[in-house]
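Worksheet: one structure, shown below.
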Amino acid sequence: MTQTPSGAFHGRPSGRAVDALRAIRLEPGYAKHAEGSCLARFGDTHVLCTATIEDRVPPWLKGGGKGWVTAEYGMLPRSTHTRTDREAARGKQSGRTQEIQRLIGRSLRAVTDLAILGERQIRIDCDVIQADGGTRTAAITGSWVALHHALATLVRFGAVKSMPLTDHVAAISCGLYRGEPVLDLDYAEDSDCQADANFVLTGRGGIVEIQATAETDPFEESEFDALLKLARKGIGELTVLQKAAVE
Amino acid sequence: MTQTPSGAFHGRPSGRAVDALRAIRLEPGYAKHAEGSCLARFGDTHVLCTATIEDRVPPWLKGGGKGWVTAEYGMLPRSTHTRTDREAARGKQSGRTQEIQRLIGRSLRAVTDLAILGERQIRIDCDVIQADGGTRTAAITGSWVALHHALATLVRFGAVKSMPLTDHVAAISCGLYRGEPVLDLDYAEDSDCQADANFVLTGRGGIVEIQATAETDPFEESEFDALLKLARKGIGELTVLQKAAVE
Amino acid sequence: MTQTPSGAFHGRPSGRAVDALRAIRLEPGYAKHAEGSCLARFGDTHVLCTATIEDRVPPWLKGGGKGWVTAEYGMLPRSTHTRTDREAARGKQSGRTQEIQRLIGRSLRAVTDLAILGERQIRIDCDVIQADGGTRTAAITGSWVALHHALATLVRFGAVKSMPLTDHVAAISCGLYRGEPVLDLDYAEDSDCQADANFVLTGRGGIVEIQATAETDPFEESEFDALLKLARKGIGELTVLQKAAVE
Amino acid sequence: MTQTPSGAFHGRPSGRAVDALRAIRLEPGYAKHAEGSCLARFGDTHVLCTATIEDRVPPWLKGGGKGWVTAEYGMLPRSTHTRTDREAARGKQSGRTQEIQRLIGRSLRAVTDLAILGERQIRIDCDVIQADGGTRTAAITGSWVALHHALATLVRFGAVKSMPLTDHVAAISCGLYRGEPVLDLDYAEDSDCQADANFVLTGRGGIVEIQATAETDPFEESEFDALLKLARKGIGELTVLQKAAVE
Amino acid sequence: MTQTPSGAFHGRPSGRAVDALRAIRLEPGYAKHAEGSCLARFGDTHVLCTATIEDRVPPWLKGGGKGWVTAEYGMLPRSTHTRTDREAARGKQSGRTQEIQRLIGRSLRAVTDLAILGERQIRIDCDVIQADGGTRTAAITGSWVALHHALATLVRFGAVKSMPLTDHVAAISCGLYRGEPVLDLDYAEDSDCQADANFVLTGRGGIVEIQATAETDPFEESEFDALLKLARKGIGELTVLQKAAVE
Amino acid sequence: MTQTPSGAFHGRPSGRAVDALRAIRLEPGYAKHAEGSCLARFGDTHVLCTATIEDRVPPWLKGGGKGWVTAEYGMLPRSTHTRTDREAARGKQSGRTQEIQRLIGRSLRAVTDLAILGERQIRIDCDVIQADGGTRTAAITGSWVALHHALATLVRFGAVKSMPLTDHVAAISCGLYRGEPVLDLDYAEDSDCQADANFVLTGRGGIVEIQATAETDPFEESEFDALLKLARKGIGELTVLQKAAVE
């Protein structure tokens, strides 16, 4: 919908540089019971990612020798500024929830060798404990760590011969905020930007998923290119943190 | 998930040139009862788009003087090669359905001046009569025609002062098929491609939405650029057809 | 509920004779992917009927050597004069929808030899593209054609020894409109009649189903007899059109 | 579906004459809390019918000065020979349930003057305590008694000026059992008959609803006429019992 | 929530002594089709309890040689003073319903030897025909009778070697009504009491379940002790009536 | 269900004394956005409790000048030893979930002066981040802290004249573990005990709720008394911790 631009750029609300990530922490092993877990903090956005190993695959994969990685996503009702209704109480997941969990699953499968994994399923749960923008990117980045831990366990116990991961995968959002391309939108920026893009890239820089949306006016190709460039920088940094978290 | 590439490129299954759209027909006024309608045919993909004018807006917009455009999407059970369960019988809409209907709504709102529209809602219904790949792009392209008709009626009857549309909007898919960037994927290509991207652009070339997904291996930025270039060509042609459909 | 009669009879809104059907077209093979299909047009009422062959029967029939024919029914949201909520979005099928789909299934089973069919199920989908009264009668009449095509395919490929259809089955509505018995009610008549009856008869004239309802005052047996006589005439004509559609 | 006839007629399983009702008891005032109630027993079929007066009408009737009568129907899980799943536990009402409750509502509205009733709703609940065939006919017949009691209360307290009932309404099933038309099918007959018809008639003999269904082979018009004749006899007797129950 | 006490005790609304049960009747064999049944009347509270024998156990018990007893609970919509919405129509069971049916199941399992029962399930249905307080206690007390009948049948036919019941189980409510501990609350007391407790005890006096709740102010341990003492008296009397009902 | 006792008591799995709580931590202000919050840790059981202030009450309280406190409860899917299905994905809350959230609401209302609170609702969300037995008692104990913070804010801003809390409320479980009464069951004890009881008491020792259940054999009154005595000790300690958390 066409809206008046929100005014000229006088810096980011958080004071960050346009190409600066928030403080990122990837805390592996946060959940005692899960086969793999990671609490991913992107500033005030906190997402708990867990990985569960299941010995069976969805019906359509049975007998094919390949495995599967799937994801679910949820938000605690008061993770948000004002309370969001509990989806379990409403009796269904929103369209937004379903979009995000499908995206997480696709992103992880893009770097998993499902044939090496064999006929088992890794089920990823991403639960937002606190939200301040960028929950889906924190979820993808943290889930890779949780997935890595679960798969390493399978390798350690000999259930899987070699590590079924072909690369890192991480995600970051970028946006046009008051005319300026900025990296890693927080909530204040996210709710007042002209365009919002989520990038999912591999450790070697391959594109796994791009979702770019005009929030107000349509935007230009040159602007899109600037967003992609910022994303490459951010994801490079996230990959370094993932490496540290799985060592 | 990492898969073996599907082999070398020896042309498209349909025999089309890599930059050729399927036969496109936009048939306005197909539905007798709706305020606006268009049967959009992209080859064997047939989507009926209708527009309904409602005198009220969603609760969160009440009293603000602005209108809304929203969309719903559905597939007839046997629009597909093998039968798809009826969502009404299953009691809920799939994640895919919800993703697509959210995309259609966002795309149309990007070229609608909601303040000129005033406090009313245009509800778009996109129903797939027959599916052969690219149903969401046919839906967006046809819905613009249906929307235009409904809005023109409002203008004609003086309910709205000027046409609330700021531009055309249309959509097309592109993909990497056996290593080659191709335009307007049909089902045969869609189910066997390495990457699949949907582009929603305006008549003046602005970007409204980009959704690009690696289906097998991650892909390169240069490949993405080639897809975007194809999309620009296709959407230029779709815009010409839309113009003809609303004259 | 007791209401004042709607006034004297001065002819039908459409100008049709009291015993005249609307223009009827049964277009077989309309749907590219289905094993059998027919677009049934009763005037401005258009119903797409498809038949899908499934290799398994419902649980209660397993191992008995007999098959099954079942039906589902739906309306596109803007098939009606004012938009009807999408049942998939509401999360359930209305009582009316369930009544109609049960009726279609019973009607088709009445002329199907389920033992000859063997342990497979034919699933009929009837989707109303446009509604102007009489959607259930168009659905039954068109479904027989779709069913015939699907069964003929099974016979042709030797999966079934002989044609499992014992007769034609077709349906028509009749009603008391301003005191006069009339054949094949359109929407204008349907919404203003005293009594409304749906008849499902076989090609040889056997009764499969009668549903007669007083919409305002209770009606007389002599009036019912007049409606049944009209139905026999109409169904005779529909049977001729069905024969043409399957040759 | 075509089946072998069940053999020659050697009398009814219950020993009743072909035109004999089961032992019928209409017990008014069975439920302590309801504004009107009746336990209707048709042999071993026991249906508790209650009427609740509500001071508001459905949204589409607001402000029109007319009232409404609606009905809901349910079966106790073990009212049947083998247990039927509880609809509340399954989370939805079956198609059969919805058909029956719509029929009960229509039948009662056909003899209710909704303008005299004024803007209030009578809500009828029919709950099957024990089932042995013919639950919908017992429900309609008993509901009329419950409705009469509730309406009489409204008249007695001056809320309604005159009795809003224009006539009795009652219902009975008939069927072709081993070739013979019989009145008031019990479960043994119902599950083994060629045709099954439910008739809803008024005290003065007007037709409110006819639902006739071929269970095996299509049937003849002369057979249908015989069923209607039996129904007239049975409903005459039910009307006499209703009169006694409301005096 | 803190409320003003309802005033001094001047006797019970019903005139009963503080330690007097209502008139209790346990009518076995009420339901014709069920393997066991009992209509339990606690004054104006009438609950129909039926027991259904099923040849299979829930999935998590398969192959373990043990059986299961489970329960469902429902209220007829007009069993209550004002009509309660039908849970089947609302599409889900309330939290209260689920609490009660879980309690009934646990209570019965506490006196059932599931190993002797073997791999079969007894499914108890408790349906409230009329409610006047204490429906869950009537349900538990009556269900034991229905369960006993069903199990006795299994023993009689040799399917089970010895009676799998280890004791009686019965339930009663007690409460603090205007400061006074009273036995077997009826609706008038239940809706105006300070504390409400349900006790489930065995014939030999063992505790199976205690649920005590402060309705207004928290209560004292000495008050709780008085309630438990009353419950012991009441359940002693219920056990005598159960004995009579199964002889 | 009758089971063999689990053997003699040789101490608790955790090595705790029979009357020792686990390590308890009540961390107020854990959630950035909520009006009140507390992360309650009972050993490895971690429950995040938040309080949201809403300016409106449920419909049945409108216009009465009183407020309401309600609660919802959920578990993260991998808070448990093996993964529990996400209730939002299943489309409904389990009976257990509903029991617990009703209990939390009742417990908090027992110490809230709803008249002083005025016409507003406090909505408590209790989400189990990690489960190791006793989630409902941690939820109640932590929720009191979250509620206190939210109410204190209302008082501080003058929206409410005085603190609407009349007392502390806290909860603890006790059980019979291998014949011995023990305080604050962890998962290892909870899944292997003969009786399990939850006590909700106020700071002054009043009883708010008792739920005691025989898991195997019925238990004796003397055993129940021992459990209550342990609970008094534990809740005394919890109250001290609550005091510290709100200062």
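Per-chain residue numbering starts at 1, and chain names A, B, C, D, E and F are given in the order in which the chains are listed.
Just so it is clear, a contact is a pair of C-beta atoms (placed from the backbone, for glycine too) under 8 Å apart; a residue touches a chain by one contact, two chains touch by 3 or more.
Here the structure is a predicted model, which means the values were calculated and not measured.
Engineer: Touching both subunit B and subunit E: give me those chains, sorted by label.
Structural biologist: Per touch definition, common to subunit B and subunit E: zero chains.
Engineer: Using the contact definition given at the top, which chains are in touch with both subunit C and subunit D?
Structural biologist: Touching subunit C and subunit D alike: no chains returned.
Engineer: Give me the rotation angle that lays the C-alpha atoms of subunit A onto its copy subunit D, rounded to the nearest 5 degrees.
Structural biologist: 180
Engineer: Quick one: which chain's Cα centre is the longest way from subunit B's?
Structural biologist: E
Engineer: Using mean CA coordinates as chain centres, what's the subunit A-subunit F distance in Å?
Structural biologist: Centre-to-centre distance between subunit A and subunit F: 33 Å.
Engineer: How many angstrom between the C-alpha centroids of subunit F and subunit C?
Structural biologist: Taking the average C-alpha coordinate of subunit C and of subunit F, the gap between them is 59 Å.
Engineer: Could you grab the centroid distance between subunit B and subunit D? Build each centroid from C-alpha atoms only and quote it in angstrom.
Structural biologist: Centre-to-centre distance between subunit B and subunit D: 51 Å.
Engineer: For subunit F, which residues are shared contacts with two or more other chains?
Structural biologist: 91-92
Engineer: If you start at subunit A and step next to subunit B, which chains follow, in turn, all the way round the ring?
Structural biologist: Starting at subunit A and heading to subunit B first, the ring runs A, B, C, D, E, F.
Engineer: In their complex, what parts of subunit E are in touch with subunit D?
Structural biologist: 31-34, 37, 44, 48, 50, 52, 54, 72, 74, 76-83, 86-93, 97, 123, 125, 127, 129-132
Engineer: In the complex formed with subunit A, which residues of subunit B make contact?
Structural biologist: Within the complex, subunit B touches subunit A at residues 1-2, 66, 92, 94-96, 98-99, 101-102, 106, 109-114, 166-167, 195, 197, 201-202, 204, 206-214, 217-221, 224, 228.
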